[in-house]
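Right, one structure below, let's go through it.
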Amino acid sequence: MSHHIIEIQDLEFAYPDGTKALQQVSFRITHGESVALIGANGAGKSTILLHLNGCLFPTKGSARIGDVPITKSTLQSIRRTVGMVFQNPDDQLFMPTVYDDVAFGPLNLGFPLEEVQLKVMSALEQVGLAHVKNKSPYRLSEGQKRSIAIATVLSMNPDILVMDEPTSNLDPKSRRNLINLLQTFTHTKIIATHDLDMVLDICERTIILNNGRIVADGKTIELFQNADLLEQSHLEQPLRLNRLSSM
Amino acid sequence: MHMADALISPAVGGTMWAASATLIGYNAKKVQKNLDDRTAPLMGVLGAFIFAAQMINFSIPGTGSSGHLGGGMILAILLGPHAAFLTMASVLTIQALFFADGGLLALGCNIFNLGFFPCFIAYPFIYKTIAGNSPTKMRITIGSIFAAIIGLQFGSVAVVLQTVFSGISELPFVKFLFIMQPIHLAIGIVEGFATAAVILFVKNARPELLEPDSHVALQKKVSIKTVLAGIIGITILTAAVFSWFASTNPDGLEWSMFHTSGMEELETPKKDLYSSLSSIQEKTAILPDYGFKKEDSEATESVETWPGVDSGTSLSGLLGGLIIFLFIMGIGLGLKKKKKKAAS
Amino acid sequence: MAALESAFLNLGHIETLARKQSKIHQLDPRAKLLTTLIFIITVMSFNRYDLSGVIPFFLYPVMILIIGDLPLIYLVKRFVIVLPFILFIGILNPIIDQNIIMKIGSFSISGGWVSFFSILIRAVLTVFAALTLIATTGFHEICIAMEKIGIPNLFAAQLLFVYRYLFVLIDEASRMVRAKSLRSFSRKGNGLKEWSSIIGHLILRTVDRARRIHLAMLSRGFDGEIRLAHKYVFQLKDILYVLGWTSLFMLMRIFNFSILTGNILQKLMP
């Protein structure tokens, strides 16, 4: 298996009106790592994610996956390697049935119908939802929708999984199920999230973003002990690590 | 303005289907070619939007009744005529399939009446002409109103023609027309205001959504003069057609004119046109068969394209029909009972 | 908002019906689509005064109903909704056409009434045919069938998208309407300004949603063509289905079975 290393160098992104969303962003993520991207709303997490599969292109700097720079001409192969799961499952489940949604990716990649079937069933089994394949996405619970949204990406067999707020809006049980599921994945994972407790469970490395810049990049456990650092970035320590101060 | 299957003959329905299908094919190719692939999801969601929007009523001041949006004009303004037509067609198709409110045979008519006229006549010729590329508030409002009115007038005439040519409903052409047009004028004014209100809202919030699609919009450099000339031409044609019917159905026309005050102006030169039109009428013998009711009628001749002219109404037929009906119901019930037994 | 909720429930119910597994459900959707279209065209081809010739055609929807195990009550309900409109148009006939064309015993019946009932019967037939088609096939199968018959890919995909987001949009719309009504205490109804505000917001959210969907599509390799994941193979049973029904329809169209039956009956009577 070739190693797909994500390399972002001095990336800068500005909106058409000039406001800078990201500045001097650099990081390197190697095969199999699980990295959390945390920061306040508007810090730029989603913007970074959108650069990872070519939905956005930097105004300065570079982004590459392995040997391949992310450009307009390499998009198809980049998107085969990097699977992106967005925040709102309703925006990703746009086909009439679950099966159709999970099959969308492989069909676009050109696989014949029999192979598509295999990939779809395998992805659905991975998330434990093979039994809903003929249902309309509208009828699924929020947790099921999340899992199916992940399945729609898994069926393309990506090496890298990028996820934007995967646990938001989930009830505790569904959330726990999702965390357990993510723990079974051997893909490289990049997860933008507010759920710091989940980060402790899944991601050994964390990048903290503040106002479009990276202010910290290191071991999750170490960063999370630093309450001041978190607070400067408009964050808080996860509940688990909170010293219960006497009230 | 939706038509029901029950009023359309296969001939008319089929023709309109062919027209609509051709339009769908043509526009699908056009949109596909210029596909900014953003268009596909946008068309889809805006289609769903139209559905939802049609279910929200607004009250019409002064009348105590409520109305709702048709949507063709808004789609055309946001998507350009080609994508808007396809979107409208998709909404009507789903309505026909699920709400059984138009019927499948009439779908071709509906797509044409409610899609073609707003997107390819009203939008490019009226709205775009008045509103131009960077319209002011006033232009948007006036453009929307006139476009909506014209689009609906055309659609309404089309409905009348389709119904009458089908020969199933007994409504006489002129009377029907005189009922339909004023109603749709009112509807058009309301739709125009509603459209303008929404477009203005969007313009305030996100003006970039209203930018013209230079590569997809129809190339129309039409002057107001041309538009007016067109409208006058159509009026003359309509008057000529009216006079034709006036000559064969004088009582009917007087009746309608009497009942729709304010339309006294149609002083068609009956005498002169009559002779030329009646000779045309003789030559195009096909028309009389399609059920235009004549006062001086020969024996009422039912429309017949297939064998068996009177069979539909003979007593024998009715009795037999009753028996067959009961028979079918009996089979149905019997089978159902059998199924229940087998299941239990 | 009664319209919104009833639309909701109706679509959901039909989809549930379409998931059943009867013999009809298992037929190729193209076969069912074709047969229904031929049915509707044939029924509509009768002349306007026909009453008895169309009766035998009830066999088709009834058969589908039985074999497809569809609930009659529900279909009747759907039809009743369309009824007022048909009555409204049809009722003009008896008023306008007063020529007597039939006599039963001492009753004379005008052409207007005959054509009115003819319209009514044919409306029942065609609406039931359409309903049974969807209830045994499911909307998205019909779309795929249409695409395979020749409808442009873009249009079939468009139908699927609209259908998919119908509920979502109706949901959003009813939420906005409810929120607004909770804030307007004494004013009744929606004036144009409030209405256009709701609709305007709805459009903006729709456009934003479309952009997000587009990104999701791109991320899964979308290149402009919408590929649908189904392979249908026309089997012998499908061919027989279409040919069988079509032949029957043709026979029933050419020979008025009702009259035949009636004549036989009269011969049998002393």
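The letters A, B and C name the chains in turn, as written, and every chain counts its residues from 1.
Quick note on the criterion: contacts are C-beta pairs under 8 Å (C-beta built on N, C-alpha and C of every residue); 3 or more make two chains touch, one makes a residue touch a chain.
Keep in mind that this is a model prediction, so the values were computed, not measured.
Engineer: Taking each chain's centre as the mean of its CA atoms, which one is most distant from chain B?
Structural biologist: Centroid comparison gives A as the farthest chain from chain B.
Engineer: Identify the chain whose mean C-alpha position lies nearest to the mean of all protein C-alpha atoms shown.
Structural biologist: Chain nearest the overall C-alpha centroid, as shown: C.
Engineer: Weigh A-C against B-C on C-beta contact pairs and write down the one with more.
Structural biologist: Of the two interfaces, A-C and B-C, more C-beta pairs touch across B-C.
Engineer: Report the inter-centroid distance (CA atoms only) between chain A and chain B in whole Å.
Structural biologist: It comes to 49 Å between the two C-alpha centres.
Engineer: Roughly how far is chain A from chain C, centre to centre by C-alpha average, rounded to an integer in Å?
Structural biologist: Distance between chain centres: 43 Å.
Engineer: Averaging over Cα atoms per chain, report the distance between chain B and chain C in Å.
Structural biologist: 19
Engineer: Which parts of chain B, given as residue numbers and ranges, touch two or more other chains?
Structural biologist: 41, 44
Engineer: Could you tell me which residues belong to chain C and also touch two or more other chains?
Structural biologist: 139, 160-161, 163-165, 168, 209, 213, 217-218, 222-223
Engineer: On chain A, where are the residues touching two or more other chains?
Structural biologist: If we look for residues of chain A contacting two or more partner chains, we find 94.
Engineer: Using the touch rule from the top, collect the residues of chain B that touch chain C in their complex.
Structural biologist: 2, 4-10, 13-14, 24-25, 28-29, 31-32, 35, 37-38, 40-49, 51-53, 55-59, 61, 66, 69, 74, 78, 86-87, 89-91, 93-94, 96-101, 103-105, 167-172, 193-194, 197-198, 200-202, 205-206, 209, 291, 293, 300, 302-309, 311-325, 328-329, 331-332, 335-336, 339
Engineer: Within their complex, state which residues of chain C touch chain B.
Structural biologist: Per the stated touch rule, the residues are 1, 3-4, 7, 10-11, 14, 36-37, 40-41, 44-53, 55-56, 58-59, 62-63, 65-67, 69, 78-79, 81-82, 85-86, 89-90, 92-93, 96-97, 99, 101-102, 104, 111-112, 114-115, 118-120, 122-123, 126-127, 130-131, 134, 139, 142, 151-155, 157-166, 168-170, 172-173, 177, 188-200, 202-204, 206-207, 209-211, 213-214, 217-218, 222-224, 226, 253-254, 256-266.
Engineer: Considering only the defined contacts, which chain A positions touch chain C in the complex?
Structural biologist: Counting only chain A, the residues touching chain C are 50, 53, 55, 75-76, 79-80, 83-84, 86, 88, 90-92, 94-97, 99-100, 103-105, 107-109, 113, 116, 134, 136-138, 152-153, 156.
Engineer: For the complex, give me every residue of chain C touching chain A.
Structural biologist: Counting only chain C, the residues touching chain A are 15, 19, 139-140, 143, 160-161, 163-165, 167-168, 209, 212-213, 215-223, 227-229, 231.
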